[in-house]
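Order as written gives the chain letters A, B, C and D; numbering starts at 1 within each chain.
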């Protein structure tokens, strides 16, 4: 029974190597996996779709470059959709690093794909505001005390898109792309629950589970991680086939996801197989159950009683 | 005096802010709204304490020639150069009035060229650690571990097109057992139940601790003696 | 600055950090120490210009700061901001041993303030609303009054799951008998939550690595 | 568990009388504070005559939050009641919290091996309640460590937390009678940047090879970076956080994890101080209230959905007013 034992105690660097390969190889080969939206993503799409043209959309980029690989595709899909539906979009961020993320959209995506849309009329960058959740609170209580000019310092009254915006409730919907605190949770707590503005958006796969409890009462819809983004992209392509040829980043990046997920599942199965094969031989020498094989919390739960 | 005054401050500010939540106007509400703002300002003063501690530790390592002291020089140099670039907005196209991270400024270069790749790469180490942790922890040793393992496997497979493909053969009537549906069901119901129980518990913990702080029952953070 | 130079620095630092996966080594040590120094100073500079200047100096001395704070021109001083200024300065008394005890006042302000700020917030959003959204019917009927088995089952799982989970968190009673059974089910619910959240997160982590590998790819593309 | 109590003067007064006197004094103290606080809040709320028509927009009182106010009074009242009861000498039970049992063992092991103990208080600043809970735990831990003569290393991300940690640990060493063993430089600031902090702590772990790692406080994505590195060197790891997204990682990579509220309960568990235990009992009462209302709410909602009766709906509106 020496083989199971060595599989159980495998050097973690071998696992690291396998993960590296599982990410790099699909990146080079570029397989494409098509997805279909689940209800929690579809409801965001439907909401954007059903808002009357020209509705004011508040889009908060609550993330920095760290989590951009996951959240940028959502931002792009949402902006494409909102622009196609002729909504008026205000960009905003509660993260200092979010400014750069907004710039990627306003400087790179919009001029290329929507050259007819103009700054100040169809979209505006309200920039970064400090104060975390408290900033949202202030905006809901008195929008203009916190936001009185756009990111460049032009007063809101001088921009057609924001001239009539006096209160947070003048926005039809709040969208947040969330990487942590502050994010959707704070938008729900301070804006959704208090001012009754519908809130929806996307989160990294890490924060998404924490946001599920708010759906559907306090949160209209949620895109969770890259998979959520790729679902939104496929909803967009289904409705607007013109986007079929656009680069859909999330869909592209699903390749490494699929391979690594399968790899991890296989590794876990292998580990369990070795564990059960070796259990009989190990139970006789349980005394030296070395630290390498510590089971973590699962055992702890057992010890709790 | 050294402890009583802090306790009085805690009591007053705590009561004022709790009241500010229920009162829509007046000084109470102003304070409630601006507390985060005030806190952000005070933490900037705290940077001086932090920077001082950082300098002291690394200067000491250099002067004592402790193990790895040359690396402390790297820290000190990185710190000093970045601080000068940042505080004086070196290279900022709009001078001292410009946006701190304006394109072309040196600080922007430090951010894009040094800070950002280091931060993103540290973060991406998680991809490897997530794999090694799951390999080790997901073993069906006990009933609890088996539940943990099964939930994780269903989600892992259900969150990729492979999951759909694996269970596509199922008859229509068993559609709810298809992996993507099962994964979403777990996320939406049992996961929500667990998250809620944890959240309610934490809320009570926060409420009780806050109350103890405001009333002065909890005061260890002030140091224990005089 | 030069894009190619940036790409090379980016790639070099990325590889230095990744080398930690093999073992601790001089390259990692270099990157780690550089990161600590640069990031500490970077965030100090950002804090100074983003918080201290506009939110404190700009509010207290708007006319003096009009050159660097665009919005400050013609504004009158906002004296509420003396509060954070005083407490911020009190914090620095820590640097002088004889006056260090005064810094406790600043600490008391922060701790008391967070307690007062968090108490009602958690009460409202995490206690009241979470309890409220768990008050759902255990039997779900469709429009014409037929029982929906699936939905009813889901609702029962949610309500019982929350209750069992809460019972697990009871501290002042021993988990024996019926209570012990219920709290054991509570642990199972927590285990499903943890397993699900872990599985869900794997995706996020892989995305990050994908992003980094794409950056390395861009660098390699410039070489070949 | 070595409790640090300053020894009182050996005067010849019966201990039960001392206990009674202390309990009475404490009850008076707690009640006065609470009454003051409630009065202050209620008084402010009534400062405006328009409060009578609180619903009107010109009112000072935010009528949407009436329920929060009532529930807040009930919950804080319950907690206070048990705190006062506990202070008056009523014995209180606390269940076992796995992980905390092993703290002493972990410290002992570190001393035997001549290795340091690493304490990571999380990423959050002092404005976060879990950091305050973490500082309390650090205090208890430092008292134990002072008794064992091993080194305690605390790298922090926020300089305010550093100040508090230094004060707390110094006091613990002092009260354990080992002020000389306190090393200020072992509690030091690293960087405010999350991943620079993680990189540095990882470096500390692989170079100093601590025998025990404690991760207690508010953690974010770095949780697994730290816990996996700690695991690779074979340290005993005890974690705890009230940030639900990070719990699964600690659960997978650490020996013991304090889940959510357990982090707040831990300092009561370690100190066994009556007032803290009382507050814990009050929290349990809060959970009891939650369970009762969830059951009642679900039962009424079920009845309503089956019968479709308007009367049931009205009844449940009244019964569940607090949560509507």
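Definition applied: a residue touches a chain if its C-beta (ideal position, glycine included) is under 8 Å from a C-beta of that chain, and two chains touch if they have at least 3 such contacts.
Nothing here was measured: the structure is a model prediction, and the numbers come from that model.
**Student:** What is the minimum number of touch steps required to go from chain A to chain D?
**Tutor:** 1
**Student:** Is the C-beta contact count larger for B-C or for A-C?
**Tutor:** B-C
**Student:** Go ahead and note the Å separation of the Cα centroids belonging to chain B and chain C.
**Tutor:** 3
**Student:** In whole angstrom, how far does the Cα centroid of chain B sit from the Cα centroid of chain D?
**Tutor:** Averaging C-alpha atoms per chain gives centres 18 Å apart.
**Student:** Where in chain B do residues touch two or more of the other chains?
**Tutor:** Within chain B, the residues that touch at least two other chains are 11, 14-15, 18, 21-22, 32, 34-37, 39-40, 43, 46-51, 54, 68, 101, 115-116, 118-120, 122-123, 125-134, 136-138, 143-145, 148-149, 152-153, 156, 159, 187-188, 191-192, 195-196, 198-202, 204, 206-207, 209-211, 213-214, 221-223.
**Student:** Where in chain A do residues touch at least two different other chains?
**Tutor:** 12, 16, 19, 23, 66, 130, 206, 209-210, 213, 224-225, 227, 257, 260-261, 264, 294, 296-298, 301, 304, in rising order.
**Student:** By the touch rule stated above, which residues of chain D touch at least two different other chains?
**Tutor:** Correct list: 65, 68, 72, 75, 126-127, 129, 132, 160, 163-164, 189-193, 195-196, 199, 207, 221, 231, 244-245, 247, 249, 251-253, 259-261, 265, 280, 283, 286-287, 290.
**Student:** Using the definition of touching given at the top, classify the network of chains in this structure as line, ring, star, complete or other.
**Tutor:** complete
**Student:** Across the complex, what residues on chain C touch chain D?
**Tutor:** 17, 20, 23-24, 28-29, 31-32, 35-40, 42-44, 91, 94, 103, 107, 110-111, 113-115, 117-120, 123-124, 127-128, 131-132, 134-141, 159, 162-163, 166-167, 169-175, 190, 193-195, 197-198, 201
**Student:** In the complex of these two chains, what residues of chain B are touching chain D?
**Tutor:** So the residues of chain B in touch with chain D come to 11, 14-15, 18-19, 21-26, 28, 39, 43, 46-51, 53-54, 56-57, 60, 68, 115, 118-119, 122-123, 125-126, 129-130, 132-134, 136-138, 148, 195, 198-202, 204-218, 220-225.
**Student:** Write out the stretch or stretches of chain D touching chain B in their complex.
**Tutor:** Going by the criterion above, the answer is residues 30, 33-34, 36-37, 40-41, 44-45, 47, 59-62, 65, 68-69, 72, 75-76, 79-80, 83, 125-127, 129, 132-133, 135-136, 139, 158-160, 162-164, 167-168, 170-172, 174-175, 185, 188-196, 198-199, 207, 221, 224-225, 227-228, 231, 242, 244, 247, 249, 251-253, 259-261, 263-265, 275, 279-280, 282-283, 286-287, 290.
**Student:** Which residues of chain A touch chain D in their complex?
**Tutor:** Contacts found on chain A: 12, 66, 180, 194, 206-207, 209-210, 291-292, 294, 296-298, 300, 303-304.
**Student:** Over in the complex, which chain C residues touch chain A? Could you list them?
**Tutor:** Against chain A, the touching part of chain C is residues 21-22, 46, 50-51, 55, 70-71, 121, 124-125, 129-130, 133, 175, 180, 184, 187, 191, 193-194, 196-197, 200-204, 206-211, 213-214, 217.
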